[in-house]
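Chain lettering (A, B, C and D) follows the sequence in which the chains are written, and residue indices restart at 1 in each chain.
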Amino acid sequence: MSVTYLEAIREAQAVALRSDPRVYIYGQDIARHGGAFKATRDLARLFPGRVLDSPISEDAMVGSAVGAEIEGMRPIVEMQFADFSSVGFNQIVNQAATLYWRTGVPCPITIRLPSGGNPGSGPFHSQNLEAIYSHFPGLVVMTPATVEDAYSMLLEAVRLDDPVIYCEHKFLYNRLKADSLPENNLPTGQARVARSGRDVTVVAYSAMVHEALAAANKLAQEGLEVEVIDLRSVKPLDLDTVLASVARTGRLLCVAEAWPWGGVNAEVVARVAAEGFEFLDAPPLRINSIDTPAPYNPKLWAAHKPSSELIVRKLRELIVW
Amino acid sequence: MLHTLKEPTREVVPPAFREQYVKAFNWMILARTVEEKLANLWRAGKVAGGVYTGKGQEAVSVAIGLALKPGDLFGPAIRDQAGRLAFGEPLIDAVRTYLGSRLGPMRGRDGNIHRGRLREGTFAMISHLGSLVSVVAGALLARRMRGEQNVVGATSMGDGATSTGAFHEGLNLAAVEKLPLVVVVTNNQYAYSTPNSRQFACHDLVDRAIGYGVEGYSMDGTDLKECLEVVHHAVGRAREGQGPQMIVASCLRLAGHAEHDDASYVDPRLFTSPLGRDCIDVARNYVLEQGWADAETVRQWRENAKAQVEEVALKVQRESGPDPADEDWCAYATRRFATFEASPS
Amino acid sequence: MLHTLKEPTREVVPPAFREQYVKAFNWMILARTVEEKLANLWRAGKVAGGVYTGKGQEAVSVAIGLALKPGDLFGPAIRDQAGRLAFGEPLIDAVRTYLGSRLGPMRGRDGNIHRGRLREGTFAMISHLGSLVSVVAGALLARRMRGEQNVVGATSMGDGATSTGAFHEGLNLAAVEKLPLVVVVTNNQYAYSTPNSRQFACHDLVDRAIGYGVEGYSMDGTDLKECLEVVHHAVGRAREGQGPQMIVASCLRLAGHAEHDDASYVDPRLFTSPLGRDCIDVARNYVLEQGWADAETVRQWRENAKAQVEEVALKVQRESGPDPADEDWCAYATRRFATFEASPS
Amino acid sequence: MSVTYLEAIREAQAVALRSDPRVYIYGQDIARHGGAFKATRDLARLFPGRVLDSPISEDAMVGSAVGAEIEGMRPIVEMQFADFSSVGFNQIVNQAATLYWRTGVPCPITIRLPSGGNPGSGPFHSQNLEAIYSHFPGLVVMTPATVEDAYSMLLEAVRLDDPVIYCEHKFLYNRLKADSLPENNLPTGQARVARSGRDVTVVAYSAMVHEALAAANKLAQEGLEVEVIDLRSVKPLDLDTVLASVARTGRLLCVAEAWPWGGVNAEVVARVAAEGFEFLDAPPLRINSIDTPAPYNPKLWAAHKPSSELIVRKLRELIVW
């Protein structure tokens, strides 16, 4: 048996629905149609009345999920694309994120954001918004990079008593496969060493983990040992694992597909610079997408986002600093 | 689909209604009294931020609180002191929340009208207007999914809040799901300083009901009798499974937007128009007319309200405020997540 | 306030109308033809992303484009190929934009239906449904502030887009300002896979007009004659200063949501209902009936359209795509700001 | 004559209206009432038909401004509070921010965000959203800290061909006074050395500049020379001025009232760490508000946000590192 990243997401939802009567899923075209990406394929049939098509109303989708969880449910909201969560933004950052802090009543909702670029997706179907949501207190932001994490982190998202922004990367949906789904996994808030190496640390998350691994493989042929850390969740962010790595390598490169101003890369670098200053033998560097919207044309798109080639080049600079 | 109960029959008044009316009137007095006290505390510099009162809107608000039953849900708006009390919010909640007390339901974290007791069915609004509509709708959806029958959720808002996308999306969602949601729009002619003419262009906001496929009513918000009847009717329809109900009440905001606002922009003619009637005066006259109480009894009721308010205000002012040093600075229910984020101190 | 022109008189057809009808029919054919070509290119793997066609909706769309005059404004939606052409968008724009050409109006930066020529009055939509309503309204506000009379702005959307807060806020704003805005909602029964029954609960979306205080019309979107008449009338009313106009056209989406979608969720009975009529067939029959052309002439028109499309497609496919190396990677009109932000390369 | 920060904002708008017929102002309660904070007092009377009350529709307010600027106007949109811009978020970050890049048509709109905390303002009338808007390509984000900048930067915002998020700090409205308004000023994208010093660099913006200056004054009595840099705009962000300072002092502390995850502080630290690594003699540090919503209770609020006392303490740590 082989299972894709997308199937893992579907399967996690099936398990959540099966094992917890409080779970339901709400989103556009997710019932009979199984969703724009088929992440809920068949679930409406298997779980009647618990997978509901919503109107095109992202604000109300999120607001209603908050109301439902106050009354004891554990909703999963599917945004058709991460980019459209901008319309539900207010309910996410002001209603859901603050609820527990204001009232003491937890807010266990999961919002799935199909994120990131694909050739031909263009400026409004390619966004990476993890930095936006991480800035707001009260939100948990997950960014699974593997089939295993896509599965186990979504299950954990549903179990957690906090609102979770679950950023699933569309580029990985059908490209990533695993042999089986895990029974257990690291808890959220713990990063993973995706590849060990002693020369330089690359911190990445979501699809960029794979670009980083490709770069590491490339450089391994030249005898360079690159350690790759997969953050898994970007809020909370596991600095300990990063620091332990930088303490060994002395060198740090952060890679993210998001735009360059602020965001995960800046946060990681700022923390390492503050708390691991003495470990650093070279300036900590960052790679992001270019500071423009994501272009539609596939060639432009490929140049807009970080690639393994670019990572290789930057690592070569870094290593000789 | 559009019902108007503008001229309900006034002849036969059953004893149960009399009791209801008198109870409502007393809540209205208590609401007015506590808000006057809060305004005084504000003028004395004891309340941070603003004080927002429901002066002139107590009839609409109390009618909501009384039409709901325990187990129902209520998402109040800015001017719902009367409705909150009638639905069961302890009087002390308002005072504690305005004074930022740790003992209040918001523990000093949020203030004034941003309060609620979720476990008792009163939602705590965020400031963003319109955003409770979908929350209450979602709560009703949950109740249905959990197999609970016989529940109603009401939410209240002003004329201005109807211009928000959140209002539209929330009411439409509720209509699609045919949820037992009662939306009460109190058209007090202004949103802060902005008159109806700059807020919407339809003849009456109740004209929106048909476009959502929900039942609509307009009522005189200054007349407690009409308010009790219409809201009771609409809540009943919702409870029976007739789907969302939209009530538009007309009245005038008889105070500034908040205490710091002198409302000099309000068209003075409105104060002498039927919209400008004070619903408490109208209710008092009705009570006297009907012979349900004499002037002395009403005076007694007011004294009683005053005594309650003074006692509560005194008590709260004696309570100590929150101490930042033992504040629990954690926005996460998952406590271990708190340690991950730097919190300078 | 609610007009219905469901049964316009069909007797007298003035020559100007005949000319208009035939012109419209030809734009419809051209739109259908270019979209079929784009679908073919997509199947051949030459188009990245999706292809979204207006099959079955050409009558509504073309009526908008033809009712507007040069200097007017148009904010098209997903399925407005016909209206774009009729309003003056060059045929090549569609092909270049779908193929990501640097020579197209979007220069490869945005694709497919996300195109426009702002200086010629056609707005370029972002993907977020409903968000053009306020943009077109604001453009009309600007025209008024600049003292321009006699201008109309039209914007188009689907049934699903009416559930967005953006639609509500935009139309309400336009109504308050009494702007010459024509909102055309094409109810093609589905929003992607979602049927009307999960999108709204009112009887007919035109029932929303009264709640905004705007004039409303419903029309048969499969009948070009009715579309031309109703849209012409509404645009005229807007131009005369009667404020926003809302038209709801009924029809059926005769293709998938996009080319990758087989639309298997569509209720098959709809295809054989009056909603399922293909507006191009209806128009063709009408042209033949009226004796405005014979079958051979119509065939000729189709050939003509095909030739135009093939020529353009060939030309665009020969053009070279954008080169990332000389792409101007700067999101700021203030050019010096570009240097401040890291752009890895 | 003395002029407050708030009066400077009003005056800049009066000048813009007077000198450019394309300028108009749109917002809630701004016409006859002059706005919730009186930033447009009397302007509706002085400029008939050009200061308009909007419905409570932040999405449409921003959308309509984009439409109007496409047709040649230069709108100023007043949000009643920065916090409510969350409802106009989609039109800001997707419609306005991308317009120029997508179409080549510039987008000269100015969105005024009354930002930041005041005692008793609570979670939804205190927010600092500069990090959110800076993340999106195409937006300019200004954060004036002085009366002079409040005035000249608002005038520049209206003149610029890009969408500007103008974050005005409510705490400064009536507390900050100047003798007169400037004729000229630094251009946007250029930071200002608010106070010179050779021992340590504090980078701040908006209201926190004054907390930093208070801390610097305090430490000056102990013979410590603190250099304070006022960023003025956070996107674009003037790294050169910051680097030049850190090159002299070797020590960096960034102070912002916004939440800790990501944001201006992280961006500044990350850039300095990358481009000024060799200048740093100590770890670059940050101070932000606590990672919870802003509390209503004034005592809690005072403990939630950075204060000059906290800055003094951190600087003492940093200086002996």
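Everything that follows uses one rule, which is that a contact is a pair of C-beta atoms (placed from the backbone, for glycine too) under 8 Å apart; a residue touches a chain by one contact, two chains touch by 3 or more.
Keep in mind it's a predicted model, so treat the numbers as computed, not measured.
Student: Quickly list, by label, the chains bordering both chain A and chain D.
Tutor: B, C
Student: Farthest from chain A in C-alpha centre terms, which chain would that be?
Tutor: Chain centre farthest from chain A's centre: B.
Student: Could you put a whole-Å number on the gap between the CA centroids of chain B and chain D?
Tutor: Their C-alpha centroids are separated by 36 Å.
Student: Go ahead and note the Å separation of the Cα centroids belonging to chain B and chain C.
Tutor: A distance of 44 Å separates the two centres.
Student: Counting only Cα atoms for the centres, state how far chain C is from chain D in Å.
Tutor: 41
Student: Which chain A residues touch at least two other chains?
Tutor: 54-55, 57, 59, 83, 86-87, 90, 94, 97-98, 101-102, 123-124, 137-138, 235, 237, 261, 286, 291-293
Student: For chain B, what residues touch not just one other chain but two or more?
Tutor: 106, 109-110, 114, 126-128, 163-166, 169, 172, 176, 198-200, 330-331, 341-342
Student: So with touch defined the way it is at the top, what topology do the chains form here? Options are line, ring, star, complete, other.
Tutor: It is complete, because no pair of chains fails to touch.
Student: Residues of chain B touching chain C in their complex?
Tutor: So the residues of chain B in touch with chain C come to 163-169, 172, 175-176, 178, 197-203, 205, 207-214, 243.
Student: So in the complex, which bits of chain D are touching chain A?
Tutor: 83, 86-87, 89-90, 93-94, 97-98, 101-102, 123-124, 131-132, 134-138, 235, 237, 258-259, 261-267, 269-270, 273-275, 277, 280, 282-286, 291-293
Student: Spell out the part of chain A that touches chain B in their complex, as residue ranges.
Tutor: 24, 49-50, 54-55, 57-73, 75, 90-91, 94-95, 97-98, 100-108, 137-138, 140, 160-162, 189, 235-239, 271
Student: Going by the contact rule set out above, which residues of chain D touch chain B in the complex?
Tutor: 28-29, 32-33, 36, 53-57, 59, 81, 83-84, 86-87, 119-125, 260-261, 286-288, 290-293, 295-300, 302-304, 306, 310, 314
Student: Quick check: in the complex, which residue numbers of chain B touch chain A?
Tutor: Checking each residue of chain B against chain A gives 105-107, 109-110, 114, 116, 118-119, 123-124, 126-128, 131-143, 145-146, 165-166, 169-170, 172-173, 176, 330-334, 336-337, 340-342.
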